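Chain lettering (A, B, C, D, E and F) follows the sequence in which the chains are written, and residue indices restart at 1 in each chain.
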Amino acid sequence: MTFDLSPLLVEDAVRAALAEDLGRAGDVTTQATIPAGAGAKVVIAAREAGVVAGLPLARAAFAFLDPNVGFEAWVADGATVAPGEIVARIEGSARAVLSAERVALNYLGRLSGVASLTALYAARISHTKAKVCDTRKTTPLMRAFEKYAVRCGGGANHRFGLDDAVLIKDNHIAVAGGVIPALRAAKAYVGHLTKIEIEVDTLDQLGEVLTEGADAVLLDNMRPDDLRRAVEMIGDRMVCEASGGATLDTIVAIAETGVDLISVGALTHSARVLDLGLDIGIS
Amino acid sequence: MTFDLSPLLVEDAVRAALAEDLGRAGDVTTQATIPAGAGAKVVIAAREAGVVAGLPLARAAFAFLDPNVGFEAWVADGATVAPGEIVARIEGSARAVLSAERVALNYLGRLSGVASLTALYAARISHTKAKVCDTRKTTPLMRAFEKYAVRCGGGANHRFGLDDAVLIKDNHIAVAGGVIPALRAAKAYVGHLTKIEIEVDTLDQLGEVLTEGADAVLLDNMRPDDLRRAVEMIGDRMVCEASGGATLDTIVAIAETGVDLISVGALTHSARVLDLGLDIGIS
Amino acid sequence: MTFDLSPLLVEDAVRAALAEDLGRAGDVTTQATIPAGAGAKVVIAAREAGVVAGLPLARAAFAFLDPNVGFEAWVADGATVAPGEIVARIEGSARAVLSAERVALNYLGRLSGVASLTALYAARISHTKAKVCDTRKTTPLMRAFEKYAVRCGGGANHRFGLDDAVLIKDNHIAVAGGVIPALRAAKAYVGHLTKIEIEVDTLDQLGEVLTEGADAVLLDNMRPDDLRRAVEMIGDRMVCEASGGATLDTIVAIAETGVDLISVGALTHSARVLDLGLDIGIS
Amino acid sequence: MTFDLSPLLVEDAVRAALAEDLGRAGDVTTQATIPAGAGAKVVIAAREAGVVAGLPLARAAFAFLDPNVGFEAWVADGATVAPGEIVARIEGSARAVLSAERVALNYLGRLSGVASLTALYAARISHTKAKVCDTRKTTPLMRAFEKYAVRCGGGANHRFGLDDAVLIKDNHIAVAGGVIPALRAAKAYVGHLTKIEIEVDTLDQLGEVLTEGADAVLLDNMRPDDLRRAVEMIGDRMVCEASGGATLDTIVAIAETGVDLISVGALTHSARVLDLGLDIGIS
Amino acid sequence: MTFDLSPLLVEDAVRAALAEDLGRAGDVTTQATIPAGAGAKVVIAAREAGVVAGLPLARAAFAFLDPNVGFEAWVADGATVAPGEIVARIEGSARAVLSAERVALNYLGRLSGVASLTALYAARISHTKAKVCDTRKTTPLMRAFEKYAVRCGGGANHRFGLDDAVLIKDNHIAVAGGVIPALRAAKAYVGHLTKIEIEVDTLDQLGEVLTEGADAVLLDNMRPDDLRRAVEMIGDRMVCEASGGATLDTIVAIAETGVDLISVGALTHSARVLDLGLDIGIS
Amino acid sequence: MTFDLSPLLVEDAVRAALAEDLGRAGDVTTQATIPAGAGAKVVIAAREAGVVAGLPLARAAFAFLDPNVGFEAWVADGATVAPGEIVARIEGSARAVLSAERVALNYLGRLSGVASLTALYAARISHTKAKVCDTRKTTPLMRAFEKYAVRCGGGANHRFGLDDAVLIKDNHIAVAGGVIPALRAAKAYVGHLTKIEIEVDTLDQLGEVLTEGADAVLLDNMRPDDLRRAVEMIGDRMVCEASGGATLDTIVAIAETGVDLISVGALTHSARVLDLGLDIGIS
C-alpha cells in the first residue's frame, strides 16, 4: 500500500514553516558566509533505527529555496531504517540546502518519530487481530501529517476531525438523556456516509448500544476481563475499540481480549523525534 | 517575571487549529446531541505533576466559539501544579466548550509538557550557574509558543530563527575558509544589534575564536574535561554554550564544568504532553 | 432540530465577500451621498414563498460594517415564509446597512433558493421513506453553506468532500479490477469511522457488493423496475441510494421503489435564488 | 474579441476550491483504489447545447494536482457547443485527474451555465441595439468569473463592485434630498475616471437627471411606454439602462423601446449549470 | 465632505504591520521593563505644520493590542495642524501603547505626509479651476490609503487600479494601430460604467480623439502653449488632464492654461513623512 | 558582498501588489487593445543618477504574469547607475509586460530611492569610521525590502523589529526606575543571542550604562561636543550610536565625533523615488 499526502497541504505547511524560520532578514549566517553560487551535496541519514515518514515535506522545504534542487529519496515513507542508513540525497545550492535544513529535519524527524512509535506498538500486537489507532490528540496544525505518519508506522486512523464522524462521549450522553436518545439524535442529524461511534463505561451501557445500533463502540477504560465480555456481547455487530490506559506494557493484554482497535494518544502526543542528521559536503 | 505571548500569534494559531478540527461540517456530535442553549461549567485539572504553560491559547480557543465565555485561570503560566490541582475554570455555552475542548487541551498539554521537561532539567543544575536553553528543533508553526513554554519552565531561549542572530556552524566555517574568515564575514554582514555565535569542535578552534572575538561560542560535543579547559580559556570574554549529548543523566556533569548555557533539543523535540483533563458539568 | 454553521466559516466567507464588493475605494456612492451619522431601519422581506436559509451570514455582513448593528431575525433558518413576510429587521448605521446589503442578500437569497428547491423535492416524496440528498456539485467555496441550506430545506447531506467518506465509482472499479478488489482496497485503506459507498450500474454488480459488504450502495441511472429489484436484494443490509435522472417529475416514481436516498445535483447546481428584498427607512 | 481572466484570481480560487474538496485526508477513494503511477486520458464533453466559459479554471484544477498534465482545449471560452461535442482533452496522472474532476467541472459547468443563459437573452434582442448586462447579484467570491462568463455569452458587464462606479439608488436620493443634490454630491466626491449612474422611477426624476447631467441613467421598473418616452427624452445625452422585470419573455418588448442596456440579475443568480461530463480512460 | 476608509482594509493592513514589527517574540524591551498592569496616557502631536491623514489606522494599531484602549482624535483627517498641536490622545495599557506606537506613527506620518504635500500643490492652484490628482505611482499595498490621503489634502483621485478605468497610453495606441482603433477597441471591451481616457502627445492626436470621442484625455508632457491650445480645442467635450513635469514651481503655469486636472506622481512617490511625535506619561 | 532577499517574502509581496493593481477585472486597457499573442521587448533605464535596489521584485512582477518572460539584469542591486543607463532588459508577452510594469517600477523606484539616499549620506561620512544606519520608521509591510535597500546603498541595518533586539528608551527607563534596573530587567528577560541597546540623553546616564554594561548605547539628540565626550567615555566598551538631528548638512560633524553609527529615519521615511522608466517596443 502506498501512502498519500495532499500536495496542497504540504506546500502550505512547508512555506509557513520556512517563513517562521527565515523571519524578516533571512538566514543571515548563510548569507554572510556562503557564496551565492556554491553548490552542496548532502545526505540525510538515520542516527537510530526507526520508520521514516515525511519525505514529501522534506523535499518541499529544499525545493522552495532552490526550485532546481535534486532530491532523491533512497527509501520510501513507511520503510524501516537502520542506524546510519541513508534516507535521501540532496544536491543543490549550498545556501538553499543550509537554510532549509532545519525545517526539513523538523518535519521529517517528528513524523518519523510518530511512525516509529506506532510501529513499536503495532509490533507488540501483531499476533492478534487488533490494530493500534490514533486520536485527535495531535499537534495543532499537524494533524494530517501526524495521521499520515501513523499509517506509515502500520497504525490505523481514527476520525480526522469533529466533522467527519460522530463520537458520542459521556458528556453528550448525559445531556442527551442517555445512550439511546443520544444515538437517535445522531442518526437523525447526520447523513448516510457519516459513521457513529459511542463511548461506554459499563456493560450495561453497551447493552443499550447493541439494542439501538451504531457503527462502532468505544470501550472506555475497561479492564481486560470486561473487555473480553464486551467483545463477546458485540460479536461482529459493530467495530469495537478499546481506549484508555494502553501503553507498550499493557497493550498486549488489551489486544488479546479480541478488540478490533486500540486507540493510543501517545502515538501523536508523546512521540520522541527520530534522530536524523544531515551531512553536508559543499561542492 | 511575567511571560508574554503576542495576542496576534495566539489568535492566528488558535483560529487555524479550530478550523483544522471543525472542518467543513463542524462538531456534528455536539450539534446533534447538545441543545443550542445549554450551558456548561468545566474545570481543567492536572492529572500529573508539572509546570503549566499555554493558558492564553486555551482561553482563546473557548472564546472563539463563545465570545461571552468565562475563563478563570486558577494558576499562572509557569506555576507548578500537583496531580488533581485545578488549572482553570470555564463557564459558557456547552456546545462551545465541548467543541473547543480538544484544541484547548492540545495546546495546553503540549506546552505544559515542554515547560515541565524544561523544569526537570533546570532543577538538576540549579546549584550551578548554567541555564538550560532551547534550540530551533521546534515543532513547525509552534516555535514562538514552545520557546515561551521553555521560559515558563525556567529555561532560556536560544535564537528564534535564522534571522535574529548569527550561528556559524561547521559547514559555514568550512566554506568560508576557517573560523577567522567566517567571523569576519559575519561581522561585515550584520548590523550592530545582531549577535554572533560560533560553533567549535576543538580547543584550537576556540583559540582562534578568542583571537577574533565573538559574542558567544558553542562548544560542540566536548567531553567535560575539554569543556572545563574551554571555560578557563574563555574567562568572561564571551558567553559559553555547551551543546550535544545533554540528557537528564549527563547534564549535571556538563553544568559543573562552568559553562553558561546548555542547549537541549529534547526540550522541544521530545517532550511528552502533560496529562490534563477537562471535567464537565452541563448546567 | 436546529441547524448549525461554524462561526469561523461564516466570518471568513462574509469578510471575503465584503472585500470583493468594496474593492479598494469602498462604496463610493454611499460615502458621497449618505452622512456618516445617519441611521437606518430596514426589513428584509420575502418577495415569493420559500424556505429561509443563511441568516447567520446576513447578520455577519451587517455586523462587519457596523459592530453595533441590531439584527433581529423574525424567523429561523428552515422556516417557510409567505410572499411579503418579514425575515429580519436591521437597525444601524445607514452607510453600513446600504454597503452590506448586497452581500447579505446574495448569501441569503442563494441559500434560501437551495433550501426552497430542496423543500420542493422533499415535499414530493414525503409519503415514502426516501429522503432527497445533495451531491458535491456545489458552488466552489460555498459547499458548507449550501449543504447547510439543504438541511434547512429538509434534505440530507451526502459526503462533504473527497476525504470524509469513500465513494467508489465506475472508474475506480475499472482500475482496481472489479467491485470486490475495489471494496477490499478501500477497507484496507481507511479507518473504522470512514464509510464506504460504491456505485453500481447493474444488478450483477450489486450482487458482488452484497457478497463483499459495504456501508452503502449507489444505484446509478437505474430504471424504477431495476431499482425495485435492487431494493429487494439489499433488504436492510446497507443504505441504498438512487442517483441520476431525478427531477421534480420523476422523483416520485424513484422514491416509491423503496430506496433510502435520492441524490439530486440540481439542489445545489441549479437552484434559482429566492427573491428577497431589503426595504429601508433612513432615520 | 478574446476574453481574459487574471491568472492570480484563477490560481487563488482553484486552490481554495481544491482545498475545500480534498479536506484533511485527501481523496481517500482514489488513493485506495488507483495506483500512484497510473495515467488517464480524459475528455470533457458537453451533454447539452450551450456556451462554454471557464476553461482556464478547469485547466488550473488539473495542473495543481499534476503539474505535468496535458490540457488541450478543443474550443475556446465563448464558443457554442453542441450536445456531445468535446470541450477539452486531458492526459495525466489518473489520481490527479480523478481528484480534480469535480472542482474543474463545478467551475466549468457553473460558468458555462451563466454564459449559456446570457447567450439566450442576447439572442432574443439581437435585432435591437440593446445589450443584456449583469448586476452585482453574483455568487459570493465568484464575481470576476461570473462577469467573465457574461462576456463569453455575449453580454455586457455592469460595475464590478461598489467602488468602481457610482450607482445612486432611491435610498441615496431620499437621504441626499433629491436627484440633484445626490448627483452633485457624487460629482464632488469621485475622481474624473469614475462614472455616475442614477436610478429613476419616474419621468419627472429623469427630467432632473437630464438637467444636472450624469453618465448613465437606470430606468427602474418602467413599462415599455414609459421606457420609450424616456429614451426620447434622453436622446444620446447619456447611456440608458432598463432594469427590473426582464425575463426571456419580456425582454424583446423592453429592448424594442430603444434602451441601450437591459440588466438581468438572473444571468448570475438563477442560471442552471451547463451539463458537462468527464469521460475517462485509464492508461 | 467626510472621507472614508473601508474598515476591512484598515484592519488587515494594521494587523499585518503589527505582525511585521512584533515578529515571533514580541516587543521584548517592553515585556522586560514595563509591568503588565501599568497604564499610559499619551498624546500624538504634530512637530511641524501639515495636514493630518490616517487616524483610523493609528486607532486600530492601539486597539489591536488593547481592545479597551481609549483613543480620542482631537482633529479629523483632513485638518490642518500647527506645530505642537495635539492630534490625538490615547489612554490604555502601557505595554500596548508602547508596542503599537511605531506602527501607528508609521501609518499616520506617511499618510499625513502625502496629505500635506497634496495640500501644498492644491494651494498653489486654488485660483484656477484645476485640481491636482494622484497616479498609480503609489507604495505597494498602500494604494487605498495613499489615495485617501490625497483626498484629505484636497486633491482628486485618478483611477485606483488597472481595472476600474481605461487609460490608453502610447504603447497601446502603437499596437492597436492608432488612436481611433484603440478607442474603438476599448469601447467594445468595457461596460457602460467604465470611463475611457487616452494619452496624446500632439494636437494632431488630440484631433483624432475629439473625432472619435472619449471621457477624458491626458495631455502628456505638453508645454503651456500647447496645453492652452488643447484646452480650446476640447472645450467642454471631455475632461482634460495635464501630465508630466508638474512641480511646485511649474504647476501654476500649467493650471492657468485651463486644464481640469494636473496629475502629480510625486504626491505619493516622493512625499516626506510628516513629523509627528508620541509623548507618553505612564500612569 | 552580495545582498539577499528571501524569495518567500518577494513572492508574497509582489503577488499582493499585483492583486492590488489588477483588481477584479484585470488590466482592461491592455486586454482591449493588445492582442493575446503579441510580444514585447523592453528596457528599464535610469532617468537620473542613483543606486539600484529591488531587481528581484521587478523580475518577480513580470514572471507572475508571464512565467516564460526573459528578464536580464544589466546591473546588480547596489550598483550606481548614470542617467540613461539600462538597468534591465525584459522580453515576453506584451500583455504581461504592460500589466506588470507599474508594480515592477513602484518597487524598483522606491527601493532605489532608499538606496540612493543612503548612498548620499554614506558618501558624506566615508572619511570617518561612522556608518549611517536605518530605523524602524519604515513603510508598513515594506520593512525587509527597505532595509535591504539601505544595505544596497552602503548603510547598516538597525534591528528589524521589536523582537530581535532590545532597545531601551526613555519611557522604559522611567517605568523601570532608572537605567540600571532597566538594563538588569532586560538582561534577565532575553536570551544570550539578543543584544541590548539603551538610549541616554545625558552623560550622567551614560555613566550608569557603562557601570552596568550593555551591547550598545544610543546617544539621543546630543550636540557634537557631548557626543565627543561620550565617545571618549565609552572607548571600545560598547557600540555607540548617535541619533536625532542628522541631515545631509549635519551628519559630517556628527560622524567626526567618533561615533560608530548614525541612525537616520529619513533613509526610509523621506526618500524620494528614483526616476526609472520602461521603454517598450512591441514585437
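Basically, contacts are C-beta pairs under 8 Å (C-beta built on N, C-alpha and C of every residue); 3 or more make two chains touch, one makes a residue touch a chain.
In this text the structure is predicted, and so the values were computed from the model without any measurement.
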**Asked** Among the remaining chains, which ones contact both chain C and chain E?
**Response** A, B, D, F
**Prompt:** In this assembly, which chains make contact with chain B and also with chain F?
**Reply:** A, C, D, E
**Fill in**
If CA atoms of chain B are superposed on chain C, the rotation in degrees (nearest 5) amounts to 120
**Complete:** Of B-D and A-F, the pair joined by more C-beta contact pairs is A-F
**Request:** Would you kindly state whether over half or under half of the residue numbers at the chain A/chain C interface are used by both copies, giving same or different?
**Result:** same
**Message:** I need the pair from A-C, B-E or B-F whose contacts repeat those of C-E. Over half of the residue-number contact pairs should coincide.
**Reply:** B-E
**Message:** If you average the CA coordinates per chain, which chain's centre is most distant from that of chain E?
**Reply:** A
**Centre distance in Å when chain C and chain F are each reduced to the mean of their C-alpha atoms** = 51
**Where chain D and chain F are represented by their mean Cα positions, the distance between them in whole Å** = 44
**Prompt:** In whole angstrom, what separates the CA-based centres of chain A and chain B?
**Reply:** 22
**Prompt:** For chain C, which residues are shared contacts with two or more other chains?
**Reply:** 20, 22-26, 31, 35, 143, 157, 160-161, 163-165, 167, 188-190, 194
**Prompt:** Which word fits how the chains touch one another: line, ring, star, complete or other?
**Reply:** complete
**Request:** Spell out the part of chain B that touches chain F in their complex, as residue ranges.
**Result:** 1, 133, 156-160, 163-165, 167, 188-195, 197, 215-216, 239, 241, 260-261
**Request:** Over in the complex, which chain D residues touch chain F? Could you list them?
**Result:** 2, 4-9, 143-144, 147, 157, 160-161, 164
**Request:** Sort out for me which residues of chain C touch chain D in the complex.
**Result:** 13, 16-17, 20-35, 38, 94, 98-99, 102-103, 105-107, 109-110, 113, 136-143, 160-169, 171-176, 182, 185-186, 188-190, 194, 265-266, 269-270, 272-273, 280, 282
**Item:** chain A-facing residues of chain E, complex
**Value:** 20, 23-24
**Request:** State the interface residues of chain A toward chain F in the complex, per the touch definition above.
**Result:** 15, 18-19, 22-26, 31, 35-36, 64-65
